[in-house]
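Two complexes, one shared chain (chain A), two partners (chain B, chain C).
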Partner chain A sequence: MRKVHLLTMLVVLALVISGASAALARQQVTITLMGWSSSTAENDALMTQVDAFMAANSGIKVNVNLVPEYDPTIQAAFASGDPPNVFYVDSSRLPDWAEAGVLASGEGKIENLDEHYESLLEAFTYNGTLYCPPKDFSIMALQYNKDMFDAAGLDYPTPDWTWEDLRAAAEALTGTDAEGRTVLGLVTPPNFERWLPFLYQAGGSVLNEDWTEVTLDSDEAREALEFYVGMARDGIAGPPSKVDAGWGGEAFGQRRVAMAMEGNWVIKYLLDQFPDLNWGVTELPRHPSGGQATMVFTVCYGVAADNDYPEESWKLANFLTGPEGSTMVAEEGFGVIPPAKSAAEVWLQAISEEYGAGFLAGAPYAHKWQFPVGFGEVFDTFNAGLQLAFDGQALPEDVIVDTAAVAEEVLAR
Partner chain B sequence: MATAQPLPAPVDAERRSPLAVALTALSWTVLILFAALEIFPFVFTVANSFKCLPAVQTYPRSIIPVPPFGVECTYQDGERAGASRSPSETSGAATFNPTLEGYREILDANLPRWLVNTGFFAVAVTILRLAFDSLAGYALARLKFPGNRLLFFTILGTMMVPPIVLLIPRFIILKQFSMLNTYQGLIVPLAVDAFGIFLMKQFFESIPGEIEEAALVDGANRFVLFWRVVLPMATPALTALAIFSFQGTWNDFLMPLLILSGNKDLWTLPLGLSFLRGAYGETLRWHAFLAGSVITTLPLALIFFYFQRYFVEGISYSGLKG
Partner chain C sequence: MTEATPVAQKKPPTTMAAKKRQEAIAGYLFMAPALVIFLVFLIVPIAAAAYLSLTNWNGITPVFDEEAFSFVGLDNYSDLLRGYHTNEAGEVVKATTRQKDFFIALKNTTYYVLGVVPTQTILALILAVILNQRWLKAKGFFRTAFYFPSITSSVVISIIFMWMFTRGGLVNTTVQAILPNYESNNFVSWLDDPRGIIHILLEQFGVTRMTVGDWASNRVFGNTLWEWISGPSITMSTIMILNTWTTIGTMMVIFLASLQNIPGSVYEAAAIDGANAWQILRRITVPLLRPTTFFVVTLGLIGCFQVFDQVYVISSGGPAKTTYTIAYMVYLNGFDRSAMGLAAATAILLFAIIFTFTLLQRFIVKERANV
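Now for the complex of A and B:
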């Protein structure tokens, strides 16, 4: 009898131990977060966020893996069938990855929906499915060199500026500097996405709502491109290469242009590399009819479809993008704007109203940077045509027609 | 007392035609021009690595440092946190006040570790390649066995496959062997290469067989023959191979990127530098980045100059003596 009793106790003990160890094993979950590197300070801030998450969720260990050259690295990870649990997704890559089935659907998983800007959630919705919560965003706005405006006796740009005001100012600000170098009124990069705000302001569009039809070939598009190219043809604007710069921000910092239309990534760049520059920022000008538009470039935390720990992954994504998590980044005042609306306000204070307000103001009416799979060809056609148009070797109208034709072709595939 | 020998009278240079002089002058001019073109980016890199961040962006670009060396880029407290002193204070038209800030920043960013990793990786791959490529090359050049030629052409054939095609399969194989994010995962796939085998085989074939026969007569076995006789004669080919593989692995980016990206402690210099550049480059801190470039380039340049001596020496060796 006693013996049996002892045996039972041993069995029970063994069960308890194995159960406990199983529970322990379940607690030791490690998930991987993959992204690309930003500035050292931003990378450190992400680590702080992740540490806070791990402190609040003792069972989850997060392995942060920031890599140079993100695209080939993550493609290899997808191909090997062992993708990271959570990873950065640029809004322009969302259609590709959603089509490839590597992204888990975020429907019913994403929290704090009302904390996010509509335009951002829309950027991560593909075919009616919301995939991932926004990580941060950047918005295009108009930067202007205050010293140049003062010297020309012009008033600083305001949000109610129209295309005509922009053109008149660019004309007045074009000239040469003390070293005899050309100074342009405005830098107009030869890229589709830089021209798109003008198209949207004029009331045009590239595709219809559900991406079934190409609507680019329109009077609005012609008007917008003629305006964009016209300034360059008249010598009051031009691509960065015209003023020996690699991109708009550099041209602006070097004082070779009086105005630029960059996103908020330019703030830190200008403050760090051109501390002497006296500049301000406001919203992009409007179409004379009042049409207002800008572009938003945004990134989200995608969760892998092929995932051993979906619950934990969503927990992490929600924490990083929620009010608490994103406020931790907002306080640092980096170049990119944190996703939650409350955090965006904190960001504005951290980076100063002076530099941040003009960018943030565009959030409610910004258009997403996202097109169907395979649209790279369309951008290439447009960009090559735009470069020719700047040099007077192509007519804006032809660029529109050619680009629309390529878009039709891509869409028909 | 030895009488001072009169120095031989300088041989009057044969009268050179004006055309020859002009040609010499022209060739020197062209050579100097191209040398300057080649060296300028390097000078520019070195000069800018000793500047403050805003000074890098100042026009006109200056390349002459003025003492005192090690001037601090003082950070003004106040409205613009992180702003360095103004460019006008740190640089003139042609000169600038040098600073070590870029080097300090890059050293803080784990550069010493990357340097050690890169050195270990490059040395390991180079040694393994010298060993395996020369063994394989010798076997293909001298040993008669069935399928010798077929094997050689198969190896040669792998050179026709663009390396980029092999990336993903290689990644998957390494993953199956659990060798991702390890040193061996980076080193083993590169330990032998087709080009090296080809190079060594061609060189061994150019060595006269009589030398080996003489050694065989003296009682040497195949390995002793290879080790004591053939290999020392192959110095030029070995040096060339060493330089190629060391340089190639030192600068390699794609392989380390795919294989090591998960473990930051194993990163090599090109990976680390690219990481500092950021995703879009607008966060690029030029002075630190260029300081890192100088540190990346310097060991390679020194090794090249050192080996170049042997390289030239080796070529003169290869002529058979008496």
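Now for the complex of A and C:
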């Protein structure tokens, strides 16, 4: 009898506890934020932001989940119908995810619209719908090694530089270092997105405005690619592997190239890894006709379409990207630029005018890194061709023609 | 309870058939745990992949959504094998890159298999025979040393190889120390050289794309004949070296186990008959190892056709698509190009290739055994 009594009591107790916790749960909403892991410092700053958000919104608990191999992980989460509430969206992945219907529309939900750069909002607009508020951005600019310029008796690059100035400087700066190793004037990674600024500067384009026609096969494209490949063929520029480096920033830091065209992620890397390097940064050179262009790589906070707590999710996304939230990150002075214009100024002070200004100056005229669904095939075709062209095994013209043909095919699908 | 109640005696099965049925049920019950796991983690995924290969699912939209995908028949296979498909309106939709990429991957994988499987089998056999010698001291040490790469994470090994093989890395500087003529400006870019080794060899004899004649421009499955005969690129060869080195240990242990199963009396009889060491190896060891060799080659074939992680870590398919492998194309189509249906079709084709080769090889080994 006593045993039965005890059991009943336990059951009743369990019911009471679960009932109470259910009642508590109704007050406290838990939402998940998924992203990829950057530097420890950046992860810590995100946690600070999230803590501030939770302190201001006592009813919302945020679980931060930073994963390695982000794309496959979140794709599996989408496909299984159990996505996180808020997550990072790279501008290049936006078309795929918007097309798949996993992103909630941000129309009427995103606050502080006038706080953001136009080019960033445009990068997160697909088929006329604005999807998500920008998280941060990076802009390509020209880094130069001051010591090498001084040694060669050259003036430092300026925003007025044209392709001819770039070429002439690269030629003058190519040589060998004290250890007899080759030093190139410029590092030219074999990637589509690194070549795109040259295409845009020359006045060319990949697609027409509404993405219905391929416009890549043009004289402008040929000119731009012949310039890019020509420097490598003449031995005054080349891919990072040519100078024993994994990427452009590394080649630049190790003083194996005099100039590089990286984004602002390179600032922290160079300051941390190569503190003795004497370097400067300015905007990318212009086409001889004056055409100016660069690339912006940006990430936003997307909100899941399949979402139990859309209101709370938008609240979080708006907080993280708003003036208050992004200033918290800006003060830390990371490689990436915070989205709100006011915060970008704070960032510039934190990272120093000397290193930051050259990047930030490109924001008004930067092109987004975004193409239609399935364009991976196009990039891969171009990159493979570019690699062969660097080695003299393919002609720039053929690379353009082949790439344009693949783009037409993908667009027609 | 003091009074014993008579327990209803279960009647033994009366007929043979009933007895057999009962035994079968018991048998299946015992196997149930393994069967369920086999079904859930193997048969169902394979069936799902086969089904998805007939759809245009993008791999992102929740798979159980009503509008997640539509049925497209054999279009994905047609894209991969023929480079086009026809839509409902009867129009031809071109997919030449899909075909080209698939056959580039098939070509690369074939060179990879041809390079790695024989090398690793022969080297593993040699190592096993040496380790099996009675005069050898510190066998345990060598066994562990050779086996160690096999149990180390392939990602870790790949990263170490990347450090060793970068242009200014250990391999090039060591070669430079031995050959002073090997200048740092002419270092081989092990991880970033798209030239095929057969192309490089032909170039030594003055045969290039320009001099070889027009036949080489003919396209077979989207690629020119000249591209087909490229051989593995230098980068692919580096990955081949890596994989040979890591798998030799496993193969060696398998060979060693079966070497130790060969009775000593056979060798003694051979020695009495006056056979020398080479004859013993050729006439006794190798034939007696045939079942093991079949097993090792099959294992090697399957492993090589599925090569993925080394490519993913070291080269991501580059330079110039020369390390695309079929398994890597599955990943690329599914996660980078948002075409999971196409990825599933690629995976099913890979399955068909491995299956065919295994059957073929089984057939060949049996034939030889009967001779």
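Methods note: the second predicted complex is superposed on the first by the 387 of 413 C-alpha atoms of A that agree within 3 Å, B and C clash if a C-alpha of one lies under 4 Å from a C-alpha of the other, contacts with A are read in each partner's own complex, and residues count from 1 in each chain.
The rule we apply is simple: a residue touches a chain if its C-beta (ideal position, glycine included) is under 8 Å from a C-beta of that chain, and two chains touch if they have at least 3 such contacts.
In this text the structure is predicted, and so the values were computed from the model without any measurement.
Trainee: Quick check on the chain A-based superposition: chain B and chain C, clash or fit?
Mentor: fit
Trainee: Give one of first, second, both or neither to describe whether A:S38 is in contact with chain B, with chain C, with both, or with none.
Mentor: It touches chain B, and chain C stays clear.
Trainee: Looking at A:D160 after the superposition, I want to know if it touches chain B, chain C, both of them or none. Which is it: first, second, both, neither?
Mentor: neither
Trainee: Figure out whether A:A79 sits in contact with chain B (first) or chain C (second), or with both, or with neither.
Mentor: both
Trainee: Using the touch definition from the top, say if A:D51 reaches chain B (first), chain C (second), both or neither.
Mentor: neither
Trainee: Is A:G180 touching the first partner chain B, the second partner chain C, both, or neither of them?
Mentor: In the superposition, A:G180 touches chain C alone.
Trainee: Report for A:D308: first if it touches chain B alone, second if chain C alone, otherwise both or neither.
Mentor: A:D308 sits against neither chain B nor chain C.
Trainee: In the overlaid three-chain picture, which partner chain does A:E118 touch, first (chain B) or second (chain C), both, or neither?
Mentor: neither
Trainee: Minimum Cα separation, chain B versus chain C, post-superposition (Å)?
Mentor: 5
Trainee: Take the contacts of chain A with chain B and those with chain C, and give the residues found in both.
Mentor: 72, 75, 79-80.
Trainee: In the complex, go through chain B and note every residue touching chain A.
Mentor: Touch residues, chain B against chain A: 53-54, 56-57, 59-60, 80, 82-88, 109, 167-168, 171-172, 175, 253-254, 257-258, 261-262, 271, 274-280, 282-283, 285-286.
Trainee: Using the touch definition from the top, list the residues of chain A that touch chain B in their complex.
Mentor: Listed in rising order, the residues of chain A that touch chain B are 32, 36-40, 42, 63, 65-70, 72-73, 75-76, 79-80, 82, 179, 247, 249-250, 253-254, 265-266, 268-269, 271-276, 335.
Trainee: Chain C touches which residues of chain A in the complex?
Mentor: These residues of chain A touch chain C: 71-72, 75, 78-81, 96-97, 99-102, 180-182, 190, 239, 241-244, 246, 306, 373-374, 376-377, 380-381, 383-385, 387-388, 391, 393, 405-406, 409-410, 412-413.
Trainee: Could you list, by residue number, the parts of chain C that touch chain A in their complex?
Mentor: It comes out as residues 58-65, 93-98, 101, 166-169, 184-185, 187, 189, 191-192, 194-195, 317-321, 332, 335-340.
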